[in-house]
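Alright, structures below, take your time with them.
In what comes next, chain A is part of two complexes: it sits with chain B in the first one and with chain C in the second one.
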Partner chain A sequence: MAKTMFIDTTKCMACRGCEVACKNWNDLEADIQPFNGSYQTKEDFATQTYTVVKMTEVVNNGRVDWIFGKRQCMHCTEAACIMVCPKNAIKRSPQGAVWIDHDLCIGCGYCVQNCPFGVPKLDTVNHKSTKCNLCVSRIENGLTPMCAKTCPPGAIMFGERQDMEVAAHKRLAVVKRTHPNATIYGNEEAGGTVLYILTEDPSVYGLPPHGTQVPWQVKFWQNFARPIGNIALGGTLVLLLVAAWFNYVQKPKEPPVHVEGGVK
Partner chain B sequence: MTNHYIDFKNTDCALIIGSNAAENHPMSFKWLTEAREKRGAKIIHVDPRYTRTSVLSDIYAPMRSGTDIAFIGGLIKYAIDNKLYQYDYLVNYTNASFLVHPEYGFSDGMFTGYDPKTRKYDRTTWAYQTDENGNYKRDMTLQDPNCVFQIMKRHYDRYDVDTVCKITGTPKDLYLKVAEAYCATGAPDKTGTILYAMGTTQHTVGTQNVRSYAILQLLLGNTGLPGGGVNALRGESNVQGSTDMGLLQHLYPGYLNSAVATPAYATLADYHRTETPKSGYWVNKPKFMVSMLKAFYGPNATPENEFGYQWLPKRDPNRNYEHIALFEAMYEGVIKGLFLWGQNPVVGGPNSGKEAKAMENLDWLVVVDLWEHESAAFWKRPGVNPANIKTEVFFLPACGSFEKEGSISNSGRWAQWRWQAIAPKGDSRADLEIIHQLRNKIVEKYKGSTDPKDEPVLKMWWDYGTGSHPDIDKVAKEINGYDLTTGKQLSSFGLLKDDGTTVCGVWIYCGQYTEEGNMLKRRNTVDPGGVGNYLQWSFAWPLNRRIIYNRCSADPYGQPWAEDKANIWWDEAQGSWVGYDVPDFGVTTSPFSAGGQNAYIMRPEGVGCLYSACNEGPLPEHYEPWETPTGNILSSVNLNPVVKLWDTPMNDKGDVSRFPYVCTTYRVSEHWQAGAMTRNLPWLAEVMPYMFAEIGEDLAAELGIENGQKVVVSSARGEIECYALVTKRMQAMVVNGKKVHHVGLPWHYGFQGIATGATANNLTPHIGDGNTMIPEYKAFLVNIRGVK
Partner chain C sequence: MRVSRRDFLKISGMTAGSLFVRELGFNLDAIEAKVPELKTASCQATPTICPYCSCGCGILIYTKGGQLIGSEGDPDHPINQGAVCSKGAAVRQVYESPKRFTKPMYRAAGSDRWEEKDWDWMLNRIAEKVKETRDRYFEREQNGITVNRCHAIANMGGAALDNEEGYLLHKFARMLGVVYLEHQARI
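Entry: the complex of A and B
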């Protein structure tokens, strides 16, 4: 059975233990960025950074609030990255982890261009695409991902998809008492992704709008171009070019970047 | 903590004040979150800054740094005026009914008995009234004008909401929200907990800040019950253990006062006479003291030589030995040698520029640490010429916690054993090993001496093995104590004797290592009643008790105030107290017998003290910080009248005309204390790499400072350069009709390590609390300007 992660942003205290635990398990190097005027010292994912806690200041009804949202790969049920990868280097584990096999990855960057959530980042030195792998080596062995394991207030939960959905709906009912606009994110998006409780618009967390799906041209590539391509290499080349063109003109808009203090 | 971390899950309302619990004690939120989820508990955060704790709170109320007593005083008045106090608790378990000396008085910020020459109070008029037999006089109706309740009511009558908000800068609507939510815990079936930390204590009125919380908790009947209490979130994993073990200058292990070189302490008999009260559990103090001396000096301690009492060093009554005083003495050239053992004053000390300068007067310095931190490298700090510093510096590399075995005591007094995970790197050694080897070397040097002044060294009892690696098991056993007659480990400090037949290193830890083994290693997770006490997990002092003063969890008749607040209760059939915790009371003392309601057994009066003498008075009174943006509007007395003033070089006082902003220092989740433990680790350096000054958008706009630009922050002691972090989360407050801005500075940074930055403590002053002299790190004045 597929498992998933459920991130309750209303419990997150942005201690960023998840960021450090992630680096620890995945053996990622520290990547010190220039001062950006924010507690959120890393603005986006990077080749050495698979998870980031977004910290955004908002004003609601005249009162300041600080919104936290732990972001990482969404491990989509309909994963654009898997669909577009020409080398089948991106795989889905039986537990639901979408992970990149670096032995096969050629660093073409298709997954980077096509992810609706802006997750994979290209390591241009080693020519590999990089992203959160849901700690696939841990979950294959019955352990929880490091970020969920380390989270002190239990804002990151991990379990059977069904159980997480039930937990999210239960929690939503509670959160709605204080945040009437709270929503669940990840039920419908990209065929179902990591689940979130959000109290603000998805853009505040750097997420694309509710209902975001894999672009049709990606599905087109997956369903038609590739099977045909397997028959005729020449046809593949043509279609590759067509797909590249679509990617170029239809590239999803970058989600708005919110920076603390309103100034970058 | 009176309670413990897991117990937060039992609360109905948590008041977090003087603490940034989510950032600095993240685990607290595991249990606070559970309280909110399962009980619908409210979380309140009162702080000058909107922090990660405020985010997770139901109510956030801003408060100017240094005005806790005004804030809490207002809540005390609110609870009294609206009769929200827990009446049965108040009458039976506190000194509300006790009559005070008729000449006790208070006017214009001063209690009776002050001597401006000595800056001390004579406490005669603060005493209780007693009858001819020495019994305390009480008025159980609480109507007598001299009873504590009426005195307290009069005292806080001046703390009305408008006056309070004028002092604290809290918007009135938010203040009332806090008052309503928190004072609702006065209901007998509700409990509220107060979480505090250094934001409370690091003020010239730090002790009285804590006292004000205690008063509020007693008034609302919140102490001694699950989900209640006064809970200090300790800032180091083992700082509770370190104070328990006697690391403070005025205490021996187990909170026994250390002796002073005065006639009152001339002999052991004098010590007992001076230190032992006539009633309460402390009447047993001589047993604890003699057993401790037996642990110090072993067979050398005999009844004939006062069990070695004369070998103990005595404090000079005219000298102070607190941190500030030690560095002042170093600055004067009085102290010539210094051991820094897990401490980094060049980053963490108050007025750290002066402290670094003071260290230049040392002949020698020994640093025991994991890293060569700023204090170890003080002789090559920026701006000094190493050739001019003659101090000889020794660096002893210490192990990290995973490289050694031992116990640590958490904030909730749980002492837990930690096993060694990996062998130490390089030539680093465990602290215990270092002290053991050092002791052996010193004794070797003194060997054969017949000089009486060398006796304290030569008579020391050190039975931890002969090799270079001490037997930690033996240390743990000695801390617990044993009976010399039977040779058996003791199970309770109730068995200690004052005749030299029992040995016990730290009486409050008696029971940690019994004949059944090392209790600190226990890891059983049974939890009867589901209250989270886990009595078979590790050991909590005293006597494995998880909630202290827990007689209060039962009503005067011995029954729980509410089913879900049950902790211990009286079982008439068994004739004993039973329940989910170790009773903090005579197990067979019936609630109906004499003293059956004296719930506070450590106190001579047997009850909790709303009214209790500290150096600056028996009730907390609001005074302004040493450096204040405003005058005291409650009285003409601005500063706590008993604090010691350090009128010394490099410690100038700043004035609001030159330094208009209130500055407060703090920690962030990402770093640890003075930073050596985290700024040297790439993954932690990465998540908070730079020193910054946090200011509000309003102040930034006034000064034309942009987010991310460099600024200079200055105080009367010095100036530092760092980045500006401009945020919506800090906003000006209106204090006494005037706009007051705060500047926030994390104090983690220094010039060594991977993440480096200016040291906030270059700006903080040498001034401390009136009782403990803990430095006033949390409220002082600064100016700030942008630099290109």
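Entry: the complex of A and C
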């Protein structure tokens, strides 16, 4: 059974240890950006930034809540990126990580355009799509992803999907006492994703609304357009073989006369 | 390019045929199930202590053939149990950063630039200045009370010092008569 991550945004203290640990493990360069009035150092994901802690200030009944949302790839069960990838370079590992095989990726950018969460970013220098890979080499070897391991307050948990769902519901009951609007995100979005506890509307965290699914165009492409293309290709081959058989095996009685531009 | 009908059929046939090759029953499962290799798999893990704050979190440094591969929190360490904050997670840069100083830097009084010096020169210089300052400002007594102190030197400890280093530094500073024995975390 696949594993998943459970991010409790109410426990996050925005130390950004996950950001640094992610860069450490994935050997990503620092991406220094100018100060823009917030403690949030990264605007969004980038080719060198697979995880970002988003910080938002929300006023509730005259009290300011500082919302921290640790964001990374959602590792959807119904992943749009896997569906649209023409090279099958995006794969799902046995433990549930959706990861991009850079040996196969051609940098076409379909995944960048179709991800409902805006996660993959295109590296235009190396022509590769980049995103969080849930530390696929670690989780396939029985370790936890780097961000989950390094998190000092334990806001990022990693484990079997059922266990994480149970943990999320337990935690939600506690959070509801102080944040009545708290919800669990990721149970049904895109077939089930990384689980979140959110105290505000998903838009505050930069997430699409509850119940977001893979667009129908993507499903149409995956389930209809691509098989049709394969059938057309196979049909061409079969028809040509039939034509060749008529041409060479069942030779016409009179040999054809070859002239420029075809057969007369 | 002018393509005759026959050429067009040939090209179509070759394209479809070559694309058909991969459908011939090659077992691609092994390739598709392949995951990247664990980069720390054959590395040596060396435990160390985070040099930043006074928590003293345990960190594992992964090396292979003398090359630094990565670092992560030590899961067996009783203080942090595998967790490290953003500073501890960046400890690899203490070694790797291009901004790291590998030689002592000296700026002479009144000068506006730093210059590289070797350790022997540096330690001798520090020792000379300490001796000179202490000899000049050491007080034996004040108002008939023995004080044995030196107001002209201050000592600043850091959170990264461990017990033993702190003990030795403390002994050394008291021996010089230092009374301003301070710590970075108290400033």
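The criterion applied here is as follows: the second predicted complex is superposed on the first by the 232 of 264 C-alpha atoms of A that agree within 3 Å, B and C clash if a C-alpha of one lies under 4 Å from a C-alpha of the other, contacts with A are read in each partner's own complex, and residues count from 1 in each chain.
Convention: a contact is a pair of C-beta atoms (placed from the backbone, for glycine too) under 8 Å apart; a residue touches a chain by one contact, two chains touch by 3 or more.
All values reported here derive from a predicted model rather than from experimental measurement.
Trainee: After the superposition on A, what does A:Asn141 contact: first (chain B), second (chain C), both or neither?
Mentor: second
Trainee: Just to be sure I read the superposition right, which of the two partners does A:Lys149 touch: chain B = first, chain C = second, or both, or neither?
Mentor: second
Trainee: Check whether A:Lys176 is in contact with chain B, with chain C, with both or with neither, and answer first, second, both or neither.
Mentor: Touch status of A:Lys176: no partner.
Trainee: Which partner chains sit in contact with A:Asp65 here, chain B, chain C, both or neither? Use first/second/both/neither.
Mentor: So A:Asp65 only meets chain B here.
Trainee: Of the partners chain B and chain C, which touch A:Arg16 in the superposed model: first, second, both, neither?
Mentor: In the superposition, A:Arg16 contacts both chain B and chain C.
Trainee: Looking at the overlay, does A:Lys219 come into contact with chain B only (first), chain C only (second), both, or neither?
Mentor: neither
Trainee: Identify the partner contact of A:Asn88: answer first if only chain B is touched, second if only chain C is, both if each is, neither if none is.
Mentor: A:Asn88 sits against chain C, while chain B stays out of touch.
Trainee: Pick one for A:Asn24: touches chain B only (first), chain C only (second), both, or neither.
Mentor: both
Trainee: Overlap of the chain B and chain C footprints on chain A, residue-wise?
Mentor: Residues 15-17, 19-20, 24, 152, 154, 261-263 of chain A touch both chain B and chain C.
Trainee: In their complex, what parts of chain A are in touch with chain C?
Mentor: Answer in residue numbers: 15-17, 19-21, 24-25, 27, 88, 91, 93-94, 99, 101, 133, 136-138, 140-141, 143, 146, 149-152, 154, 233-234, 236-237, 240, 243-244, 261-263.
Trainee: Applying the document's contact rule, which stretches of chain B touch chain A when the two form their complex?
Mentor: Going through chain B, the ones touching chain A are 22-23, 26-27, 29-30, 33, 37, 50, 52-56, 58, 668-670, 682-690, 692, 697, 706-708, 723-729, 731, 754-755.
Trainee: Where on chain A is chain B touching in the complex?
Mentor: Within the complex, chain A touches chain B at residues 11, 13-17, 19-20, 23-24, 29-33, 35-39, 41-42, 57, 59, 64-66, 68, 152-154, 174, 178, 260-263.
Trainee: For chain C, which residues are in contact with chain A within the complex?
Mentor: Residue list for chain C touching chain A: 4-6, 9, 12-13, 16-17, 19-20, 32-39, 41, 70-73, 75, 80, 82-90, 92.
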